[in-house]
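First chain written, first letter: the chains are A, B, C and D, and each begins at residue 1.
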Amino acid sequence: MDNTFGLLYRITTFGESHGGAVGVVIDGCPAGHQISIERVQHFLNRRRPGQSHLSTPRAEQDQVECLSGLVNNISLGTPITLIVRNKDAKQDHYSDLAQVYRPSHADYTTDAKFGVKAPSGGGRASARETIGRVAAAAVAEQVLETLIPGYQTVAFVESVKDIKADIQSPESISREQVDQTPLRCPDESSQRAMEACIVAAKKKGDSVGGTIFCGIKNCLPGLGAPVFDKLEADLAKAMMSLPASKGFEVGSGFSATQLFGSEHNDEFENQGGKIRTRSNRSGGIQGGISNGEFIYLRVAFKPVATIFKDQASVDREGQEVVMKPKAGRHDPCVLPRAVPMIEAMATLVIMDHYLRQLAFTHGRGPHKV
Amino acid sequence: MDNTFGLLYRITTFGESHGGAVGVVIDGCPAGHQISIERVQHFLNRRRPGQSHLSTPRAEQDQVECLSGLVNNISLGTPITLIVRNKDAKQDHYSDLAQVYRPSHADYTTDAKFGVKAPSGGGRASARETIGRVAAAAVAEQVLETLIPGYQTVAFVESVKDIKADIQSPESISREQVDQTPLRCPDESSQRAMEACIVAAKKKGDSVGGTIFCGIKNCLPGLGAPVFDKLEADLAKAMMSLPASKGFEVGSGFSATQLFGSEHNDEFENQGGKIRTRSNRSGGIQGGISNGEFIYLRVAFKPVATIFKDQASVDREGQEVVMKPKAGRHDPCVLPRAVPMIEAMATLVIMDHYLRQLAFTHGRGPHKV
Amino acid sequence: MDNTFGLLYRITTFGESHGGAVGVVIDGCPAGHQISIERVQHFLNRRRPGQSHLSTPRAEQDQVECLSGLVNNISLGTPITLIVRNKDAKQDHYSDLAQVYRPSHADYTTDAKFGVKAPSGGGRASARETIGRVAAAAVAEQVLETLIPGYQTVAFVESVKDIKADIQSPESISREQVDQTPLRCPDESSQRAMEACIVAAKKKGDSVGGTIFCGIKNCLPGLGAPVFDKLEADLAKAMMSLPASKGFEVGSGFSATQLFGSEHNDEFENQGGKIRTRSNRSGGIQGGISNGEFIYLRVAFKPVATIFKDQASVDREGQEVVMKPKAGRHDPCVLPRAVPMIEAMATLVIMDHYLRQLAFTHGRGPHKV
Amino acid sequence: MDNTFGLLYRITTFGESHGGAVGVVIDGCPAGHQISIERVQHFLNRRRPGQSHLSTPRAEQDQVECLSGLVNNISLGTPITLIVRNKDAKQDHYSDLAQVYRPSHADYTTDAKFGVKAPSGGGRASARETIGRVAAAAVAEQVLETLIPGYQTVAFVESVKDIKADIQSPESISREQVDQTPLRCPDESSQRAMEACIVAAKKKGDSVGGTIFCGIKNCLPGLGAPVFDKLEADLAKAMMSLPASKGFEVGSGFSATQLFGSEHNDEFENQGGKIRTRSNRSGGIQGGISNGEFIYLRVAFKPVATIFKDQASVDREGQEVVMKPKAGRHDPCVLPRAVPMIEAMATLVIMDHYLRQLAFTHGRGPHKV
């Protein structure tokens, strides 16, 4: 059950980083929608490593193939299966690591849970697992655009280590702006400093983390639910299920704790017949349900665990060892590649709640309380 | 589906704050466990408003009644139903608010979603809804204690507005220490300052927020899952589904972004045959799965939306109005009462994953990879 | 999870036959519908034992109480909780049976599964458990009637032992006709023979079984799904989850095996712009999805296991014993009371698939294949 | 959600009969089990058409490929993905049928539900969809054999049209005996008559149906659940989700309605310390839970809808037409190929309930009631 996400737009991902293929089955995509596989490929390209000198040289092609669910690019309402073959699996890179638990990786816990340990380490606990998520969201986005006018998610790198971008109006940033630099930070001077920081860390064999900001534009009011499936709760789960994420906040987030209620509340007004809030510290969600304003959130990522320095550890037999990793192929900073993953998770949550809301709205009776 | 949480320890809560009763059905509680209803009552008392001058004078008794699932205090393996009658429902308190959307409450979004608006406002979006959660966790805790030696959750108020407690070793704090003061902050001097801060806000008709720290002691390694149902992801959803929560972090959390990988990684060592980490920035979870260390997390709560100051808003007909609330009965700060709610949500997540892990562990084959 | 049924109209039943109460939480009832509790009570009365000399003298009142989800009889879109207190629990009736496994009851298997054995025998395996199902369906029926014009389920007793009713056009039978006799068989002469058969069995301390026919009128085309959640598959699960049911068939059922394909196929025709089938051996469902025709099915019930004759058995300690039951209070034939249960299960399936179909239909894109 | 089956052993099937591939993702297969892909292939071969002159000449090879979840044939505890490419898709065979609703097929209802109609007709409503189910069960069977000593399912053709096999002790029939004839009926003389019946129907362009008997050997006591997820209810859903099935019965089934309770009840006895029933009209299940006896059930299949005779119908524009099908490639009788499908569905249900029972059993407390 762990590999399934969503109730009505239900995706199941599969695949280890070094097996035959990774992919996703999408169950619940409505019929009659035009789905461009090229656009799915474009999303996967954004997620792919090896896009710049900042990330791993692993030159995967990540070519997507559709096995079911579409005829002539039209969705049939049946499961859409998308796979990407694993081409560049140099398994020997990892062989000497196979018996040692890498610090702050999933090796030890995977072993504790399953009693087996995939040759490539944590098995499913790999950034490569997110290919299925991004592909599923690329389909969902094409559907949502036809159902919700103006629907869009835009994420960007907001901070790397102690360098924070200065973005005045995040709701006006476009995905094109974000993609102009490999770092995916739309603040020109900050992104130069971030880049320098990452390059310096890489030189030392070290890694860095940071935060990503994500906005959802033109979401309808009424999506979400009042109790466990609050929109912010499902977004939190979605984001905290991404590898290396350590924190999540929505709207004012942790900074809300510094304000009085009278400073924090968002007053309502009538803007030409539309009920709007004057401020948006709620982040577009109130009581678990969207209010039609700009939804925004922030995710914290730790510095990636793979570093090229000596580290103390223990092997599967319990022997204490010192790991002396050779140079390998990993990002010193996952932030730029995490941008499309976060957009993907946001869209998967919205898509699911949108379908759920269709049943609610159209099943409604005529009576008011 | 929104009112259900968990896969194998599955709870369904019900009840509005001003209807006949609130409660919970617990499906999946294993049979043969001794369950003390007095202890469930004790948990509800900790959650209840009116415990001190810091919280609302609403003198609810929250007397729990068990409708099913127990015979002579032994669990039958069938659904356990626990209800609390709503006794003190002075509905008129709310009548003049019924047609105005209170800022930063769930009134408007509930109306947008359901097309109806309960007389008491947001309906299910009420702190009273959490009674069912706390009761269900009080049952789970009694079961977990027999299955996992030393299992315990302890949460406390860590900050109120800009006042932060100084707790050196949170893993040594006990629930008794926390409950010694109504504020539930085990740092004596900080809690006095916090109390003054809350009293001052109350006098001005205002409200304040803060953060809660929660630790889970003696969790087994192997709980959780590597992909969507990561332990931290399910904990995040659990916490972000509590009313007024705005942010979540696990382990090093947002502060992880300030460190190099070489500073952040938790090296392994062998402590008398047990694999342990030397530090615990992972917060007891790696790659979504517990590693046996102390699990800890933090939740941010906004200042509660109910304040006693004039606020601009809009009524259901779209007319702009100024709300001039009379004195009512609400907390100026939810933090102390949120402590048992957070412990409850943590236990619900652990209980569910523990049962899931039983199937995994005992279904395992003999082969290693 | 066992106590929950449905995906979008999701009901969770609870309660043992001799505990505090039995009941149901309905999650997913759309908002804004007028729900008459009197009508729920009417359904429960139809299900209740003690309605005639044919059934048990247990004079339960089964008075329903609503704990949540309605304000002024209007649904809020939140969980609707309905309970019935257990009033007439003469537990001593059962005390001497508590340690012996009654043949063909759930006593032994309940013990094998849970390791506990409720004083009343099988615990949840009681006809009384169906109260929650019938109450939940009574709510659903009121909603469906406003959403699907002419929607109705009508079931009746079709056979008792070897006596089979002769009903020419079951689609024209009304619920009122069925309820005219305590036996709920709308064929006057057959029902007299059935009654005689039951009375004779009762005199001998024995029991009898039979079949129930159920029709669903005016179901829309398009409900159901093509793979696992075929409408007939969900109906089969629903019916086979009723106590004492042993068989299920839809449309032509087992008799279909006697025909050639050319005799069995339902040809299509255009009736004034509406696509209809000339015959209806499909029973209103093709490939798992409703086609708009009359849906009909049949359920077989075994003779109830409680009889008043000596029977060999074994007690919990493994001792072989001969059970010599005193006179107690059970039906010699569950068929008449099973009629509203079967209507209820049919409506629960249709309601769930109707809500699911709303999301499908309204999420559809404009393209055809 | 329709394409997913099971709670803990959760399978999701995908693929249309004439797209890129069909297959399955298995989520929940325990780790550490040796899984032979050759054995999966063997199961698919049993399901495959073209095995004899009795079935369609469509010479699919149905070569299975594993994309994830296994390393060196050992299960990792991660999703196992198995696909079969569609090789022999002569789409033009179907082109002239694409716009006409074939009688008693899923064409019309698929169109009614989804608003699209796959070129190959009903899309997912194809016997080819069952490849994923059979593959998933072939994995489950290998796991179950190591966990439950002696576990086995054996199904066989019990009747074709009005010819009924005479099998005295079905619990002693082996799968090898069944597979000795293409008809998969282990009664030599009956199977000859059945074969003649099918050949005669084929000559006339017609089709026939029949029933399949399925037994489950050595199932543990305690599997199943007392309310909605009764073992017989889940088996009923499983079987009624197979294409062309019209009826289901367990144990004594419909014939139970002909007996008195005193004739039908299964008395208990102590056989060398083991609690057994003297007769087995319960079919190994009491109150939804297995009692350790031989589980048996029966499924009715209609004559397949594809026949080679003129039939009246309607096209997508509503025009009445007469279908004059050319010779094509379909079975005149699905029964022999349905045998492995039914075994597969039985194993999927048992596997899921077995994993669920592991959590129950090992989560149990020490107290008895």
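Quick note on the criterion: a contact is a pair of C-beta atoms (placed from the backbone, for glycine too) under 8 Å apart; a residue touches a chain by one contact, two chains touch by 3 or more.
Quick caveat, the model's predicted, so the values are computed rather than measured.
**Student:** What chains touch chain A and also chain C?
**Tutor:** B, D
**Student:** Write down the chain pair with more C-beta contact pairs when B-D is set against A-D.
**Tutor:** Per the contact counts, A-D leads.
**Student:** Relative to chain C, which chain has the most distant C-alpha mean position?
**Tutor:** A
**Student:** Averaging only over C-alpha atoms, locate the centres of chain A and chain B and give their separation in whole Å.
**Tutor:** Centres of chain A and chain B (C-alpha means) sit 26 Å apart.
**Student:** I'd like the Å distance between the centres of chain A and chain D, where a centre is the mean of that chain's Cα atoms.
**Tutor:** 39
**Student:** How many Å are there between the centre of chain B and the centre of chain D, using C-alpha atoms for each centre?
**Tutor:** 45
**Student:** What are the residues of chain A that contact at least two other chains?
**Tutor:** Those would be 1-4, 7-8, 13, 31-32, 71, 74-78, 113-116, 118-119, 123-124, 226, 360, 364, 367-369.
**Student:** Which stretch or stretches of chain C touch chain B in the complex?
**Tutor:** Checking each residue of chain C against chain B gives 1-4, 7-8, 10, 12-16, 19-23, 25, 27-28, 31-32, 65-71, 74-81, 83, 113-116, 118-119, 123-124.
**Student:** In the complex, go through chain D and note every residue touching chain B.
**Tutor:** It comes out as residues 7-8, 30-34, 71-72, 74-78, 143, 146-147, 226, 354-356, 358-369.
**Student:** Which positions of chain B touch chain A when the two form their complex?
**Tutor:** Touching chain A: residues 1-5, 7, 13, 101, 103-106, 108-110, 112-119, 122-125, 129, 159-162, 201, 206-211, 221-230, 232-241, 243, 245-254, 256-270, 273, 275, 277-278, 281-283, 285-292, 300-307, 309, 311-314, 318-320, 356-357, 360, 364, 367-369 of chain B.
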